[in-house]
Structure formats: C-alpha cells, structure tokens
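Below: a set of structures, written as structure tokens.
You will see subunit A twice below: alongside subunit B first, and alongside subunit C after that.
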Partner chain A sequence: MAKVIVMTSGKGGVGKTTSSAAFATGLALRGFKTVVIDFDVGLRNLDLIMGCERRVVFDFVNVINGEAKLNQALIKDKRVENLFILPTSQTRDKDALTKEGVEKILDELKKDFDYILCDSPAGIEKGALMALYFADHAIIVTNPEVSSVRDSDRILGVLASKSRRAELNQEPVQEHLLLTRYDPERVERGDMLKVDDVLEILAIPLLGVVPESTAVLRASNIGMPVTLDEKSNANKAYTDAVARFLGETVEHRFMKPEKKGFLDRLLRRTA
Partner chain B sequence: MRSTSQISERDAPFQLRGNNFTVMVLKLVAPDDPSFFPQLLSKIRQAPNFFKNAPVVLDLEELDESAGPADFIDFVVTLRQHSLIPVGIQGGTTAQQNAAFEAGLTIMPTGRPSREPEREFQRPAPGRAPTDPLPPRTPSPIGEAPPAPDFQKTTMIITEPVRSGRQIYAARGDLIVMGPVSAGAELLADGNIHVYSSLRGRALAGISGDTNARIFCHSLEAELVSIAGLYRVSEDLDASVFKKQVHIYLDDGYLRMDPLS
Partner chain C sequence: MSIFNFFRQAPRKSVAEEAKERLQIVLAHERAAGSSPDYLPILQRELLAVIAKYVQIDEKKVEVSFERGGDYSTLEVNIELPPPSPDKGVRTRGTATNTAGGDAASAAKAATAAKRA
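Let's turn to the complex of A and B:
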C-alpha cells in the first residue's frame, strides 16, 4: 500500500523543498517507486531543485482541473530510476487546490507508487493544509532556531486536528523530525538550539540531523538533489534519514563538531 | 460571580444568558471616616481610565453592624461622583442590605453565611454552628433539590501534547494535561489546571472568577499564568520557580507561586 508523506514546517526557508527532493531521491535510490509533488502553487520551486524545470509541460493544477492526464504531467527523473516529479503551476494560486481534486490524484498515484511525497508550502493556510490533509507520515523540517521550532509546533497541532486521519479519528499521522541546517560549532557556541532542546519542545522522534552544508546550495543551484552528491555530509545525513524512515537503526551523526584533521585543514574540504 | 443560566426561550423577543464579568469589590472598612473619599480619590487618580465608570460591588463583610454608611443613597451618589458605579453589595446585616436595596443596589450572593461572627471561608461543615443551615446561595430554581452541580464530574483530561496555537477550555471544571504545553498554546479552566509536564504556554485558571482555583505544573516555563483574572507574565516570574514543580494560587489577593515539595 502506497504511503503518503508530507514534508512540512510551518515556517518558510527551512529546507522543505531541498529535503523533499533529497528524501524522494533517497527513497528511489533504495528501490521504491517514488513521486514527489510540489504543493506550492504559484511559487514553483521543486522542479528547479530537481533540475527538470525545462521539461515541465503540464502541471499538478492542470491535472486537478482535468486539462491533462496524470502521466502527461509526471516527469521521470533522468538520473534515478523509480523517481518521478509532479511539478506545480507558477501562474495559479492555492485556491486551485481542492480536497476532491487532490484526493483523486493521490488515489491514482497510489495504484502505481510506493511513496508519494508532498512538498508543502510554508504557512498554515490552504496550500499547507492540502499538502498535509491526506498524509500518513509527516516529516517536520525544523531549523535549530526558536521561531522555526515554534512554527513546527504549530504545524504539529494542525496535523493532529486537521488532517484526514484526525478528522476520521483514525490512527494519527506519524510524525518525524528532520533538523536541518544544523551547525554543531554554532550550537557549541550557544548561537543555535541543541538537538535536545528542540526534541524537548517538539517531543517527536528524530529522523535525522542534516548539517549546514555548502553542498546544499550548490546542489540546488545546479538542480541536483543533494542525495546525489556523494561526497557531502548532507547527502549522508539524508541517506541515514531515509534508512531510519524505512525502519533501520542508524546511529545519529553530524551532531558534534568535526575534529578537523591535518589533512582536512590542508585541503579545506567543504562539508 | 455566579451566573444561573435559565431555560432559554427561543421564541421570546429577548434572550436570557448567563455571563461572567469581572467586577471590582470595594471593601468598606470605615465608610464614615472623613478621609474615606479623599483617599479613594487619590487612588482613582493613579489610574483614572481604569476606574472610569467602573462597576463596583461594596463589600460590607468587615463592617460592624453599626458602622455602615449612615445614608446609603448619599454614599452611592458620592461614589458616582467619583466615577465609580456601585451595582450591589456583598454581606452586611439585614438592615444594611435593606438600606442598600433602597439605594438601588442589588444583593450579591456571597456563597458564605451573610453574617457570621467567625469567618470560616473554605472549610466546610465542622466549624459551622449545627443549627445553621447551608450558607445562602443563589436561590435554587428546583426548590429543595440538593445542589447537584457541585458534584458533577466536569474534569477534562488531555493526554497528548498541547501544541502552539491550540486553545483548550475546561468549562465548569478542572483541566488536566498530561503532555507538554507548548509556547503559544492556551489552557483555560473555570476550575484548577494541572499540567504533568512542562507548561510553556498560557494557563488561566478560575476564569469565571473562582479565586480558589489553582495551577499545578511539573515545570513552570509559562508565558502567562492567571488565577481569577490576576495574572503574571513570564518576564515577572521569579527565577526561583522557573522550570520547577510549582503550585500557583491566590493568597489574600496576591498571586503566589510555591515550589511543590
């Protein structure tokens, strides 16, 4: 049975789209047929991060409106087998999303895919509500910073009250915390919240800690999910997170400042 | 204040509803003292907007039988000249109550014996004279029926974390929360509030005016705590109770926070 995952945060700019791209790629690399959907209608970004922006013909909204068939809008990733992207519309707004329309598409995708990853827009309004409504799992992307934590807490409350599982009184949406842009050195200096501080407030299981990394920005700009950048720590962190999501026990890393060896310092290896 | 919501008559040209208001109580200690009004005026001048046309209830509990205002009508008029609007009295002898009624004031139910030499507030039966019936409460519409609402189970229990942005109101009873209460969440209860975890949001107990309501929590990190309208924000929390197991209650009009030991 296909699982619907929502990547959400409440706050903007914390790394939802980057994480969606990386996580979906990670799942596909593990052999699961995965589709990632951009719910940020009007602010189309996922296709850029996935590097398929030049292949977008039809989009999510076209399919909802019946202007295109689903498989006309789905874009198959060229690098990773089993990975598909459903881009969104740049010209419409969130009102184009309807519960019925979204449900119809998800139901159709469920027949074909193992995982459906919904990349949520920021906020707690319609776009975000539509992205999380049908979710079985929610990955809460949080930065180690108070306002991000507060907003994540808010979106957890929304999940617990406004998701379909909540409305139908079913088993609650499974929550996972993905702490991104974590800089252990700044944490040690006291500039950033510690993992434990965030966990204490949000009280949900930790899926992974993604270190602040120059590789992420580079990957975004060249349109490559960071999971494909084999050298970067961010890649390792996402790969670990995917493994944990699939039920494997993987020790958490990147939570302490790296001991810089002589060679590291000499080569100034980027994270 | 106790509000009795009556049967609602849907077809009537009006609607009767119970509601709760916070009203200042003016406790009369020596109303005939010549410095009474000058002192009152200087108090009012400290916060003229706050006192402007504020309704007040006159509390006669502390007065001797003979020490009431000589002329209630006159007293009420003078208070009105000081921009206070007396609406009722609390306590007092029958004679005082009659005089107040003549002056257009209502008699507010106090929930305690109207005039008892000993002043036993919360302790039930034992201290009371055996001949004395239950304290006069709001007249029960059901005649002699026992005061059932006191035993109605209205406690609300929340087992999951209370997330930011959520508001929970336990009407006519206590609120028990077993998970953490996040910053930006709000707990409201007519009765007590218990949080068996961290309290980081707001907690307002006794919001209908029950000054005996209390707040208990395992770790006090609240943004705001309030009992019967008296509140304190986190900035004013004492460092000695921060992140401690704390018990919050009203003591003689002050919000007290004691560690639970």
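Let's turn to the complex of A and C:
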C-alpha cells in the first residue's frame, strides 16, 4: 500500500524543498518507486532543485483541471530509477487546488507508487493544508531557532486537528522531526538550541539531524538533490534519515563538532 | 579583589538556554489557547449582551475560560458585578431595573392568567 508523506514546517526557508528532493531521491535509491509533488502553487521551485525545470510541460493543476493526463505531467528523473516529479503550476489562482482534485490524483498515484512525497508550501493556508490533509506520515523540518520551533509546534497542532486522519478519527498522522541546518560548533558555544532542547519542546521522534553544509547550496545551484552528492555530510545525514524512516536502526551523527586535523585547520576546510 | 570577583562570577546563562526557556513559556500559552473551542469569543460577546440587558457591567470584567481535563472539560464563566455604589444616580437606575423586572413578572402572570381563561 502506497504511503503519503508530507514534508512541512510552517516557517519558510528551513529546507522543506531541499529535504523533499533529498528524501525522495533517497527513497528511490533504496528501490522504492517514489513521486515527489510540489504543492507550492504559484511559487514553483521543486523543479529547479531537482534540475528538471526545462522539462516541465504540464503541471499538477493541469491534471486536476483535466487539461492533461497524469503521465503527461509526471517527469521521470534522468539520474535515478524509480524517481518521478510532479511540478506545480505558476498560476496565481489561490483556489487551484481542491480537496477532491488532490484526492483523485493521489488515488491514481497510489496504484503505481510506493511513496508519494508532498512538498508543502510555508504557512498554514490552503496549499499547506492540502499538502498535509491526506498524509500518513509527516516530516517536520525544523531549524534550531526560536521562530522555526514555534511554527513547527503550530503545524503539529494543525496535523492533529485538520488532517483527514484527524477528521475521520483514524490513527493519527505519524510525526517525524528532521532538524536541519544544525551547527554543532555553535551549539557547543551555547549559541544555538541543542537537538535535545528541540526534542524536549516538540516531543516527537527524531528522524535525523542534517548539519549546516555548503553542499546544500552547491547541489541546488546545479539542480541536483543533495543525496546524490556522495561526499557531503548532508547526503549522509539524509541517507541515514531515509534508513530510519524505513525502520532501520542507524546511530545519529553530526551532532558533535568534528575533530579537525592540523591540515584541516590550516586550510579551513568545511563540511 | 575585583579581579577575583570576576573569576568567581556565576556562569552566565547561554543564549541557547534563554531561547529554550522563552520557547517553553510561549508554547505553553499557545497550546492552552489552541485547545479551547472556536466559539469562546462569540459566547463571551453574546453572554455580555444578555447580561447587559439586566445589569450594567464592565465589558472587561467578563471572563470565559475553557479547561480541558482528562475525563471532562470545564467551561468557566466569571462575571464581576459592579459594587453597590452610594451614588444616588446608580441606585435609581437599579430601582428602575427592579421595576422593569416587576413589570415583566406581572406581565408574565397576566399572560398565564389569560391562557387559563
């Protein structure tokens, strides 16, 4: 049975799209047929991060409106087997997404895919509500920073009251915390919230800690999900998170400052 | 002396610890607010309108709160009535209300009587 995952956060700029691209790629690399859908109607960006912006012909909203077939809008990734992207529309129409329309598409995708990953827009308005409504799992992307933690708490409240599972009194959406842009050195100095602090406040299971990494910007510049950058710590962190999501026990890393060698210090090399 | 004091100073709270404390406080408030039903503000407004028909009250002295318990929830309505004032004007108004009440009662009685008849 296909699982619907929402990547959400409340706050913008914390790394939802980066994480969606990386996580979907990670799932596909593990052999699961995965589709990642951009729910940020009007502000399409997943296509850029995935590097398929020039291949977009039809979009999510075209399919909802019956202007295109689903397989005409789905873009098959050229690097990874089993990975597909469903880009969003750039329309300014706020009501482009409807519950019925989204449900119809998700039902159709469920027949063919193992995982459907919904990349939520920021905020708690319609686009974000649509992205989380049908979710079985929610990955809450949070930065170790006060406004992000507060907004994550809000979005957890929305999941518990406005999702379909909540409305139908079913088993609640499974929540996972993905702490991104973590800087162990600043944590050590007492300048940044610790993983444990965020966990204590939000009280949901930890899926992974992604360290602040220059590889993320590098990857987005060239339209490559960071999970394909083999050397980077961000890649390793996302790959671990995917493994944990699949039920494997993987020890957390990147939570302590790296011990730097003499040469590293001399060259000021970063992750 | 001062240099020793400098070293003896209690370790300052780090900014991260302060962030955690502020978050815990603000979220405790927001979670409490988030769990109350949507109808509370409207309920408060309507209650106020009804009470204002009979008693002169201060808008700010009406408090409606909702507390979610394990087995049951409590809806608490707290209305502070104005103190009996020695001022003559207020007393007259009070009497007026009483008279009006009396009138209503007698009117009701009259209606019952009419029905019986």
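Quick note on the criterion: the second predicted complex is superposed on the first by the 260 of 271 C-alpha atoms of A that agree within 3 Å, B and C clash if a C-alpha of one lies under 4 Å from a C-alpha of the other, contacts with A are read in each partner's own complex, and residues count from 1 in each chain.
The rule we apply is simple: contacts are C-beta pairs under 8 Å (C-beta built on N, C-alpha and C of every residue); 3 or more make two chains touch, one makes a residue touch a chain.
Source: prediction; values computed, not measured.
Colleague: Overlaying the two complexes on subunit A, which is it for subunit B and subunit C: clash or fit?
Modeller: clash
Colleague: Mind working out whether A:Ala203 is in touch with subunit B, subunit C, both or neither, as first, second, both or neither?
Modeller: Only subunit B; A:Ala203 stays clear of subunit C.
Colleague: Counting only touches as set out at the top, which of subunit B and subunit C does A:Arg253 meet: first, second, both, neither?
Modeller: neither
Colleague: Among the partners subunit B and subunit C, which is in contact with a greater number of residues of subunit A?
Modeller: C
Colleague: Based on the superposed arrangement, let me know which partner A:Lys162 touches: subunit B (first), subunit C (second), both, or neither?
Modeller: neither
Colleague: Tell me the contact category for A:Asp153 with respect to subunit B and subunit C: first, second, both or neither.
Modeller: both
Colleague: Once chain A of both complexes is superposed, is A:Met192 in touch with subunit B (first), subunit C (second), both, or neither?
Modeller: second
Colleague: Which positions of subunit A sit in both the subunit B and the subunit C interface?
Modeller: 150, 153-154, 157, 200-201
Colleague: Help me check something: in the complex, which residues belonging to subunit C touch subunit A?
Modeller: Per the touch definition, subunit C meets subunit A at residues 14-17, 19-20, 22-24, 26-27, 30-31, 34.
Colleague: With touch defined as at the start, can you tell me which subunit A residues reach subunit C in the complex?
Modeller: 145-146, 149-150, 153-154, 157, 187, 189-194, 197, 200-201
Colleague: Touching residues of subunit A toward subunit B in the complex: what are they?
Modeller: Residues 150-151, 153-154, 156-158, 160-161, 200-201, 203.
Colleague: Can you list the residues on subunit B that touch subunit A in the complex?
Modeller: Touch list, subunit B to subunit A: 160-166, 179-180, 182-185, 198, 200.
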